[in-house]
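Labels run A, B, C and D following the written order; every chain starts at residue 1.
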Amino acid sequence: MAGSTLGTLFTVTTWGESHGAALGAVVDGCPAGLSLCEEDIQKYLDRRKPGQGKYTTARKEGDRAQILSGVFEGKTTGTPISIIIENEDQRSRDYSAIKDCCRPGHADYTFDQKYGIRDYRGGGRSSGRETAGRVAAGAVAAKMLAELGIHFTTYTKAIGDISIPDGAYDFSQITENPLYMPSRSHAELAAAFLEECIQKQDSAGGVIECRIDGLPAGIGEPVFGKLDASLAGAVMSIGAVKGVEIGDGFGAARSFGSLNNDPFYADGPAVRKKTNHAGGTLGGISDGSTVILRAAVKPTPSISREQETVDRNGNNVRIFIHGRHDPVIVPRAVVVVEAMAALTVADLLMVNMSSRLSGIKKFYRDL
Amino acid sequence: MAGSTLGTLFTVTTWGESHGAALGAVVDGCPAGLSLCEEDIQKYLDRRKPGQGKYTTARKEGDRAQILSGVFEGKTTGTPISIIIENEDQRSRDYSAIKDCCRPGHADYTFDQKYGIRDYRGGGRSSGRETAGRVAAGAVAAKMLAELGIHFTTYTKAIGDISIPDGAYDFSQITENPLYMPSRSHAELAAAFLEECIQKQDSAGGVIECRIDGLPAGIGEPVFGKLDASLAGAVMSIGAVKGVEIGDGFGAARSFGSLNNDPFYADGPAVRKKTNHAGGTLGGISDGSTVILRAAVKPTPSISREQETVDRNGNNVRIFIHGRHDPVIVPRAVVVVEAMAALTVADLLMVNMSSRLSGIKKFYRDL
Amino acid sequence: MAGSTLGTLFTVTTWGESHGAALGAVVDGCPAGLSLCEEDIQKYLDRRKPGQGKYTTARKEGDRAQILSGVFEGKTTGTPISIIIENEDQRSRDYSAIKDCCRPGHADYTFDQKYGIRDYRGGGRSSGRETAGRVAAGAVAAKMLAELGIHFTTYTKAIGDISIPDGAYDFSQITENPLYMPSRSHAELAAAFLEECIQKQDSAGGVIECRIDGLPAGIGEPVFGKLDASLAGAVMSIGAVKGVEIGDGFGAARSFGSLNNDPFYADGPAVRKKTNHAGGTLGGISDGSTVILRAAVKPTPSISREQETVDRNGNNVRIFIHGRHDPVIVPRAVVVVEAMAALTVADLLMVNMSSRLSGIKKFYRDL
Amino acid sequence: MAGSTLGTLFTVTTWGESHGAALGAVVDGCPAGLSLCEEDIQKYLDRRKPGQGKYTTARKEGDRAQILSGVFEGKTTGTPISIIIENEDQRSRDYSAIKDCCRPGHADYTFDQKYGIRDYRGGGRSSGRETAGRVAAGAVAAKMLAELGIHFTTYTKAIGDISIPDGAYDFSQITENPLYMPSRSHAELAAAFLEECIQKQDSAGGVIECRIDGLPAGIGEPVFGKLDASLAGAVMSIGAVKGVEIGDGFGAARSFGSLNNDPFYADGPAVRKKTNHAGGTLGGISDGSTVILRAAVKPTPSISREQETVDRNGNNVRIFIHGRHDPVIVPRAVVVVEAMAALTVADLLMVNMSSRLSGIKKFYRDL
């Protein structure tokens, strides 16, 4: 299937393997007239760049994004924006350990089962590196949304058991620590915890939270194209994500209707909600309040410890995955979650424009 | 957008409002040659039927499914299967309470914002009643999958804080209690808890779990069409669902790589996993073990208590939603989650058939 | 595949067999706020109704369209519009002649090959009767487009060799003759020609032309979603259509650049073209002039003469298809071509709204 | 819209402008296990390469295709195949003549109207050069289909009024003349005719015919996803194509049922047709005979003569389009038509695999 394309009007198609010549994305349906340059994309890409600290891998690739089409004289033209990122770090390696056996927690086994063939170099298409294309595309979506006053705040809410309570956020801290946590004290605790993980040749997971501000009410399509459903599908498509919540999420399942319902009130001519347990959607459509989503990220499957698995000949074997591994991928996945959210919102925002005949009439009368 | 259609090869389009003349679904892409009768659909629909106990509304509609096309002499023909369910219970009501103000926790406000018009009778399209069409379609998907040895076990894992631990399941109990819980003792506790909710004019939520057995390895398309991503999007599109997990889900975020990775071992010629923290998918592709997903269901938003809201003129008002309300919708949503899972799996199973050239060659040589 | 759904934002899904219980269409994505009643659809359906004259079959079904959802208090609500047409004329028949052998020119053989099973009653899903659903949906699209000042003029340009030259049209005649020809004299010639066909137990084909006026410039998406490409795909999906042209079509292939290029000129502030060989599109995008398309319709395959074919056992046999047959289906297909054009234009008109960032900004600022 | 993506299972997304840095295609959904190298693509690209004779432009770009992903050790892996073609011939030019006014017969005006901005260098995205991406992708589809015994024969049937009658084909001649005509004498006549066009600073059009052999019966999805409808949409999306026919096409409109119906007969166990007026499809599904389609190509809009148009300030002006122009683009478009046909057939062939439950069962049992 065209599993590498997402979206209806604002779409992205990603391509590329971890250790191939290059990887990239084609953004199709971006409206004409958006100021866009490679630096806009680079800023986003740098947020997921490896080699930024002790908690991320040492791979020193530059991840330089080039725009090959769709931008003319600094503006998007409405035609496909092709973004390419060359793989600079392709030195020949020894893949013998992973070529013939399936790493636990990785997609080696399932790619083999599905395709009968697998680019075993660094995980190939199933590598987290594939997300570079998503992030490049997400940068375009986010740039467009910023022009409409829609902004994203995305951060690490939890690493392992160290979770920042909702009331304790200090968003100014997000960029002050390599874990992107909005709390200095929690970032320090998490750093110590990760240090332990490294000592134990183990890895940890965590929770990423994304807040979308400035989104007008009305975005999302009943019944299968709901905003929350689309966000859930998009965010769960990130390889390491195992759970997605909107608003109170699983907490809502333990609440009561009298508490969980958000009362409306009049704020001058505007209608607002006293609380936001719903996380900014009602019936899957944005209600004008902040959209809040969370993603559960599993512990990095690549660990230095010996693990049990099976080789291609069906023998039980033990595997050591050499190299330095991220003890946690949560910080690097923060921008990936944001990118997926931005792509989803950009698409549904466009789709919503045709919801009312009066809107269509006005649009064409004003042309 | 075509928000009412889901799927690529095996698709469903639902239509209909809560209190309109009828509602239904069109299943397109169901393969030819499947034995199918109205009773197959009815069995599924009966699992979500209201009026079955004290925890569900008293609405006594028959919800009789009729097949209008796509089946000939007891077999599907490959053409669209149109299923219609007439709304029998359309007596005229007094909608004045909800016509001009927005019920908290419902989609009244967002539908108004999106469309400028709203069928206020019983929630219209945003009513849980819309899921009848999904369930009817899901019955077709489940029937097809059963022919391939793929089976679903879906149940209530938790009501409010009463949650059945993983080790304590007794699946034989699922149909023995009106809450569809696989534990007699937990079902009793939950029943008592719901009794309290009713006394307090309040409502509760819960967690639904779905297990998919018999699924071959290889189902799911990288990178956006992953099995888990597709399941998450489909299940989150159920109005009351606020969170979705695969395998250990948010628990994985608190685990360690050394624990969370499922070791492979050889079981004769078969490759199996010693544990299943992943919930049956690796890299978003089925690995041959049981697929496990959970959905968080929010408390029923319709409660008998007085609530605060705003009317169409922008006045702060208090609203009473008359009528008997389900104190919990979790039991009725069990089959809806199963239907969404079945529709998703049926679609991706078909899509997977073209993954390998050797498979395509064999298919056409054997024709 | 979901072969029964067409469109991206304004979509239609049709269902139903020729002699099943009913057939219908679900229109999803129609904007909210359009005045719509069953009579709007009926008017369209009546244009394809059989039994209106000697050139069409005697089947006397009422073809009454019912709207089951998506319309509330006379206006569309933005939710799916389900339209059903019951098959009134289902008296039991003798299908033995067509049950076990394949009618030449029909889809019996290919449905058998594809599905291994076939609803042989009246052609099942491959019957021209399937177009009733399309026409019902097209009526909704045309109603919406009329609100935007976009109008369709569709007629029979040719029956067999009797073709009305471009300069000889009298559009006021279209509804004055049962062949929907915009020329009284040609309609008379064609009537005489069809009389001959009936005498010879033979059938004829013809050409339908559709003109779309009032379409703003800019509609159509490069490169695969072009307006002309979308129209061609939609119109060619009508069973009997074997060719589609835009503007001068095949005539352009015999022209010269110096003649075929339409010169632009300034008409006050407006830009117009001196000629319209292009048929209203340049690069697949509407240019503001009249869009002109033509469809070649093959002779009715059902004829009373004895024909050669093969039965299910592989024997060469002779077949007589009993009953009265249309000597020509062109007149009844006129509204089907128009419906397909209207559905295509409605969809692309909505899609075009997100082409420019400035348009999106203005839309959301004005909300 | 995602107008740059085509297909359901076997998809292509093209990107790139005529004079941008590069252009390319992403093929997603190609099955794993296909032998593929850059030379396979190059052979196809060379067929549309400019500068091959006096009838094509002198642009001497190499059009070298590089594969950046999706192929590992000489085989496709099932992941997206990214193909890039760098634009070598980007010397700075004088675009002043076309920057501020709209060339007749080109998409300058409509791109301006749609997007408000336009990459005026060589037509940008609307240039025929965009088809390089399609052809590269089509090469992959054709390679896959060849493995299944499905072959394409595509050629110039007519240049201007010089048309080869159906009975006069000599397919061995196709590659023996620069016009790709299957008739030596017609190729000579056409060459002389084009010489005249050049003298007159004019251009000509023509007709391309494509024959698809080896296609099994059953390919194509009722009702909107028909094989002929999909082919028509795909081929009409080529910028210069103004008409598409299947089988006898517009000729069928002038025929009679008794002649146009293709009688079936038994050829041993096989069912065949005595004639093939239908062009290989019945009810939009392949019938096992040769699929035949024709495309009408308009005269090259770029001609050296002075033409009338309007500039951006609304003034009537005269325009000279400098440079050497193809007097005809038909020969170069031959492979583009073939590519579009191959992409369409590859996609529908895969989609067809899920038509029957028995086929699905067998597929999964055999896995």
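As a working rule, contacts are C-beta pairs under 8 Å (C-beta built on N, C-alpha and C of every residue); 3 or more make two chains touch, one makes a residue touch a chain.
Molecules present, by chain and UniProt name: A, B, C, D = Chorismate synthase.
Just so we're clear, the structure is a prediction, and the values are computed from it rather than from any experiment.
Set side by side, the interfaces A-C and C-D show unequal numbers of C-beta pairs in contact, with more at C-D.
Mostly identical positions are employed by chain A and chain D in their mutual contact, as over half of the interface residue numbers are shared between these two copies.
Comparing the centres of all chains, each the average of its CA atoms, the largest separation from chain D belongs to B. One finds 25 Å separating the Cα centroids of chain C and chain D. Between chain A and chain D the centroid-to-centroid distance comes to 37 Å (mean Cα coordinates, whole Å). Per-chain Cα centroids separate chain A from chain C by 44 Å. The set of chain B residues that touch two or more partner chains comprises 1-5, 8-9, 14, 29, 32-33, 78-79, 114-116, 125, 218, 222, 351, 354-356, 358.
Within the complex formed with chain A, the residues of chain D that make contact are 1-5, 7-9, 11, 13-17, 20-24, 26, 28-29, 32-33, 66, 68-70, 72, 75, 77-82, 84, 114-119, 124-125. Those residues of chain A that touch chain B in the shared complex are 1-6, 8, 14, 102, 104-111, 113-116, 125-126, 130, 158, 160-161, 197, 200-207, 217-218, 220-226, 228-237, 239, 242-266, 269, 271, 274, 278-279, 281-288, 296-303, 305, 307-310, 314-316, 351-352, 354-356, 358.
Residues 8-10, 29, 31-34, 76, 78-79, 144, 147-148, 216, 218, 222, 349-351, 353-364, 366-367 of chain B are the ones that touch chain D when the two sit in their complex.
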